[in-house]
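Shared between the two complexes below is chain A, which has chain B as its partner in the first and chain C in the second.
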Partner chain A sequence: MTLPTALWTDIALGSLACIILLSESLLGPRLRKAIVFHGAWIGLVLIGILTVCTAPESEQAIGNYLIRPWTIPFRLCFCIAGALSVLLSRNLLSGTGHTHRRGLLVSGGVHIFLIICSTLGMFVVTGAQDLITFLVGIELATIPLYVQAAMLRDDFSSEASAKYLIIGSLSTAFTVFGISYLYGAGNSVHFDTLAQTLTADKHFAWVGVIFVLAGIGFKLSAAPFHMWAPDIYDGAPPPVTAYIASSSKAAGLAGLILLVYGPFQQLGADLENIFMFLAIISMTIGNLGALRQKRFNRFMAWSSVAQIGFVLMALTGGDLAIPSIAFYLLVYIIGNFIAFFVVNCLASNRPETFSNMRGLSKQSPLLALCLLISMFSLAGIPPLGGFFGKFELFLAAAQPGHEHFYLILFAAINAVVSLYYYMIVVKDIYITEPTHADNSTCPAIAILPSQRLTLVVLVIAIIVLGVWPAAHSWIFTLAGS
Partner chain B sequence: MFFDFVPLIAAVSDVTSATQNKTLETAMDTTGPIISENVHHFLPLTILVCLALLVPVSMLLISWFAGKYARVNRDLSDQSKEKHEPFECGIQTAATVGQADERFSVKFYIIGMLFLVFDLEVAFLYPFVIRFKYAEGWDLLWVLLAFLVLLEAGYLYLFRKGALDWEKEV
Partner chain C sequence: MPFLLNCTWILPTLIALSLMFVPKQKVGVIRGMSVAGVLGILALVVSLIIAFLAGDYASPVGSAETTLAFSYRTPWFEAIGNQFYTGVDGFSLLMMLMASIIALCGVLVSWTITDRCKEFFILLFILLAGTFGCFISFDLLTFFLFNEITLIPTYLLIAIFGSGKKEFAAMKLNLMLFGGSALIILGMAGTYSATGSFDMIAIANNQSETLGSIAMWAFPALFMGFGILGSVFPFHTWSPVGHASAPTAISMFLAGVHMKLGGYGCLRAAIYLMPEGAQEWMPLFMVLATISVVYGAFIAIRQRDLKYINAYASISHVGLVTFGFATLTAVGLKGGVLQMISHGFVTAVVFALIGCIYGRTHTRNIDEMGGLMKKIPFLSVCFVLAGFAVVGMPGTSSFVAELTIFIAGFSGSLDDTLRLVCGALCISSIVITAVYVLRTVNSVVHGPLVDNGHEFTDARFIEKVPLIILLTCIFAMGLFPGWIIELAEQSLTPVVTNLGR
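Up next is the complex of A and B:
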């Protein structure tokens, strides 16, 4: 049995999960702390490098597992998000001498192990070649997140986990029900067979397609399936929130692209209408929700709903859709993590509300600058990566044969609206003077050296992605365009 | 007639053979007397529904008639008194006739979950047996070993964490 070279990343990820779990249970306390934390993030970074190094020229298959060249940038995104999430949980791990307003994680080792498991699930989603593997991948990516959301000992965390579990199970039920209809209509669960047998005139197929899209819509928190997002973002531990906001969405999108260009390829024209509808209401509802938020995590949840709207807009486009979404996701993940790193530092001793962020530019100029860059990137201000990400999405929706100019106009208006609420954050940290009450409740901000270093690296990365064309074209080459 | 289900199950388990079956879609689109032609498909289901109704109804009726006899001889002896008590799997009767919210030790749930997990893992070993005669060289062994290593890693973790230690305080 010869294994395809690209499969070694998946095997390495599974082995890393085993190693972390075994070191957590077998090693002594001092060695365990070092190996579990540093081993995990270094391992994930190395697997990210391995992913790029073993990137296949053409599709490599083993059984019903198919590694496609275009999924490589997505896999890179999962590894980066996993490593960043491990780094972000540094000041919530017990035994490192840190304290946090909401207490420490119940079991840091298991938390890190679950991050790696979830990343492995996302790898499986991108490698799926039949609906069963696809479902198993989605479940493996999601179930660890239910557990991780409950890792803090306060009521918010338990509430977030319970809500996430129930909504997540509901979305899985939708997906499974949809898959049963796809099997009934297409007579197979294999993607290649389904691509030929699922035609637009089969009504049964459409029931399946709608249900599967609804199930994935929950994972993406695309409107109208977004209602869970604000509560769970607010209640889950900060690293888990950041992970749900970035990697989980990236996996959902990779799965969606897989289906749209695989088994659903004959439904193209009608699917475009569905994505147009989802894009328009996601943008609108996300923007309206984000306008009046007072708590940072809830704000990020609503803004992510709006961002997903822009990504879904690109899916109505042609060939440019995959590389542009991959590039946008990378930029989005980095921008998101900068914001969550900053807010995690703040949240260690105060609630993460906008009013508590006033005067941040004086207390900690570095954190304020990082948050500014993150907000500018998410809003899409030119020199940063976020601008080119959004630009590519607009470009993808305007490809010959897919000219959706009204949709693009609508998205442009929404981009302007979103600028308003991102600028509110910047106004709070730079311009609004803190009131006396704000000042008295604000202790000094502690920032760990490792997290400071990570922040600087991320900020450099987001600027480089914006100004250096080679970085941009490298992602496009990886995605096979 | 029960065996009519067998091709269906085989089709689900074996993806490649599925293309030979008629699709659900074409079956729906066919004009003409579908129900009368395909009535034998529904016969096993009908029998199953009848059985499902018959079993609980007969259980209730038998216990009612048999209990009638027991109730007449209620005061015969102290020994038969126990027989009139509701009984459920060794749990004290308070749980069956009193409040339903009696509290159990969390140990029961942990053991219950672990049992379910490992029981299911055993079910996953059956496909290896089915594939055994098609195996070439050492392939199957490596696949099996990879599966078992993952399983044992989990087992080692819960063993070290004391999940199987009944005496340990939870």
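Up next is the complex of A and C:
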């Protein structure tokens, strides 16, 4: 039996996790500092490159593990998000001489190890070919995050972790319950068999579908399964928040697409209606929630609920859906990370509220510009990547045979509402003058060289994604078929 | 030549980028680069026009093919059918000429800005890049993309550099214009669904059933989407607050050029692409346009603030553009195009003058002004001349444009009662315009000099230049409109032919 080339990435990721854990426990403090941090992010970047290089032309199987071409962009997203999340942890790692308002991570090495584990779990999700592997992948991707959320020593972090654990377990329970019904209805856990046996007239199957969708809905923080998001975004350590906001969503979406175009493929129009419903309430509730937020992380949580609504809109569409979601996720992850990098720099010595961000353009023009670009990319303003990303989601819902024009109008109006709150952020950093009270609590902002470099790279990346179509056509050739 | 054409948006982008690296204390360098930049754009546009006139790019009468000059196309985000497709016809060139002249004047008017001067010019050049990109795009998605690019700098320019309720005004302007974008997205999704392409010329020549039925709702979406940018009633409310709060140069550019992108989009992306939809929906838009014309003029009578007066006058005059388009005749479309160009110059010169006068009186309330002719004759004379242009006196560009539009209201069949009634109402707006213009001119220029008036000094050289340029353009177009009319007529041939199919 030969090993499919595309599987190398999964193996490399597993080995990287082992190396990090071993060096954390075996090496001396000085070597450990260098290897754990730099080894992890460089390793993840290299695995990302390996993912691109070994992208298969057609599906490659080993046993029940199947590597599909369309999952490659998603896997790349996981690697990028993992690497960025490691980089984002820099000023929270002990032994580097940095301080943070909320203290340092309990164990930086374990934190980084868990990021890689979680990434591996996401890889497993995209390779799943039966419901059991799928479930194992989802759990491997999520359980490390419960631990990571508790990595700071303050109450918020513990609270976030406990909430995440409870809600996450609940969602897993939903998924398992749904899977049991799917097994009952389809007599199999294998995707290919289920694709034949799950038909729209089996009411039994619909119970399973609804529960599995609800379980994934929690992971995606799609309304009405979104209530956990603001608290956990606000309480978890910044790199974990960023990771939950980006990679975890991407994995949930990859899993969702896997199910929709795999075992659920015969359910057709009724499934489209479910997604339409979820899309409409997600974008509405997310937007309404984001309008009145005072704290940046809570704001990002609500805005991510709205963003997921747009993504779910694309799932009502035709064959544009997968590539447009993949491209959107890439852009969304980069945009999100820019925002979290900026806010993490601010958060090292002040609470991350909007009032503390006033006058940022004067204190640090670089951070202000980065945040501006991030907000505009999330809002979908050209020439940034977010424009094409969001626009294609609209186009996907307008394809012949899937013409949901009312949904498009509704979503377009929601996009305008979302623009309002993104512009409020821009207004706070560029236009509103800080009051004396805001100013007195604002010490100078320290940006680490590594984070400054990352920010510049990310900003360039998001502009390039918006004007240079190479990445876009690459995703479409892989995922379009 | 295609490269030179694309330089009209590449050049401003490069200037904006290079301005970022100039230290902000070096105001002189920033100003110098800006003036050089806009002069460069003007030179580009003029050379393009000369090349265009020398070549044979006119569409023969009755032809449905749009002949594009200097066209260039390359696949861009091709996976979704998008291509980077640029070119010009006479219509776009005329708009670009107007835009570049107003941009030059805008930069000259902004000479006195010293606070955050660097950001101001960077944003202005991004705005310019978006505008010129719009005028040369013949791919619907690229066109929309450039249109969106213009909106964000507008927000920052008004919110940072404006006056009065600037943050509210900027936010309102932006949200309403993005609301228009939402409608445009809907319309584009419709055309994409029917044709799978964004190529404007291909869509215009597509006579399939699917597009025909989708046009029935996609047309009003596109037309109204761009109509919001063209401040068509009832979605005009962003424009008075927006234009009144913006700094002078931005008011000039917003009212003079940016608003015209709305009219340009209505013609290029709505009427041209979906003539069947246009025939179906035009009565509604004709009524809305007439309301804009009359309502805007009436509101202007009651205003006291000079900028608000001109902003409402703009609504009224841009309403005439929509009215011209709504007649769906060759004459009406031509009149609309002429009015877009003419109004660009007229409103720009009025906003420039208001800026100059405000710099002296420190008030824009006409009740607190008076007798300026005694102390600042140059500005006052310009103000009177600009007033003539607003009213549409013969010899000014507005006369040429408005006359054409009014003729369109009454030419052709006399059975169309709606058109005749709307036409008559639009003509009546001349009288209302005369009321507010004469009253304004009278109370600003004539009468006793205000108390602090003795300190006023007349326009400096740098202020005179833009005023003279703009007034020259107005009178030149009023006296020698021939080649402009010819260019507009030629480029509208395919639109008119398509309307008749």
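Definition applied: the second predicted complex is superposed on the first by the 479 of 481 C-alpha atoms of A that agree within 3 Å, B and C clash if a C-alpha of one lies under 4 Å from a C-alpha of the other, contacts with A are read in each partner's own complex, and residues count from 1 in each chain.
Operating definition for what follows: a contact is a pair of C-beta atoms (placed from the backbone, for glycine too) under 8 Å apart; a residue touches a chain by one contact, two chains touch by 3 or more.
What you are looking at is a predicted structure, and each value in this text was computed from that prediction instead of being measured.
*Asks:* Pick one for A:Thr193: touches chain B only (first), chain C only (second), both, or neither.
*Replies:* In the superposition, A:Thr193 touches chain B alone.
*Asks:* With both structures superposed, pick whichever of chain B and chain C touches the larger number of chain A residues.
*Replies:* C
*Asks:* Does the superposition put A:Gly14 against chain B (first), chain C (second), both, or neither?
*Replies:* Only chain B; A:Gly14 stays clear of chain C.
*Asks:* Return first, second, both or neither, reflecting whether A:Phe177 touches chain B, chain C, both chains, or no partner chain.
*Replies:* In the superposition, A:Phe177 touches no partner, neither chain B nor chain C.
*Asks:* Now for A:Phe354: first (chain B), second (chain C), both, or neither, which partner does it touch?
*Replies:* neither
*Asks:* Who does A:Leu22 touch here: chain B (first), chain C (second), both, or neither?
*Replies:* In the superposition, A:Leu22 contacts chain B only.
*Asks:* Quick check for you: in the superposed arrangement, does A:Tyr65 touch first (chain B), second (chain C), both or neither?
*Replies:* Touch status of A:Tyr65: no partner.
*Asks:* Can you list the residues of chain A that meet both chain B and chain C?
*Replies:* none
*Asks:* Would you pull the chain A residues touching chain B in the complex into a rising list?
*Replies:* Residues in contact with chain B: 1, 14, 18, 21-22, 24-26, 130, 183-190, 193, 197, 202-205.
*Asks:* Touching chain C in the complex: which residues of chain A?
*Replies:* 320, 323-324, 376, 381-383, 387-388, 391-392, 394-395, 397-400, 403, 405, 408-409, 412-413, 415-416, 419-420, 423, 426-427, 430-431, 469, 472-473, 476-477, 480
*Asks:* Which bits of chain B are touching chain A when the two form their complex?
*Replies:* 15, 18-19, 21, 23-25, 28, 137, 139, 142, 149-150, 153-154, 156-157, 159-161
*Asks:* Hey, which residues of chain C end up touching chain A in the complex?
*Replies:* Per the stated touch rule, the residues are 75-80, 141, 145-146, 148-149, 151-152, 155-156, 159-160, 167, 171, 174-175, 178-179, 181-183, 185-186, 189-190, 192-193, 217, 221.
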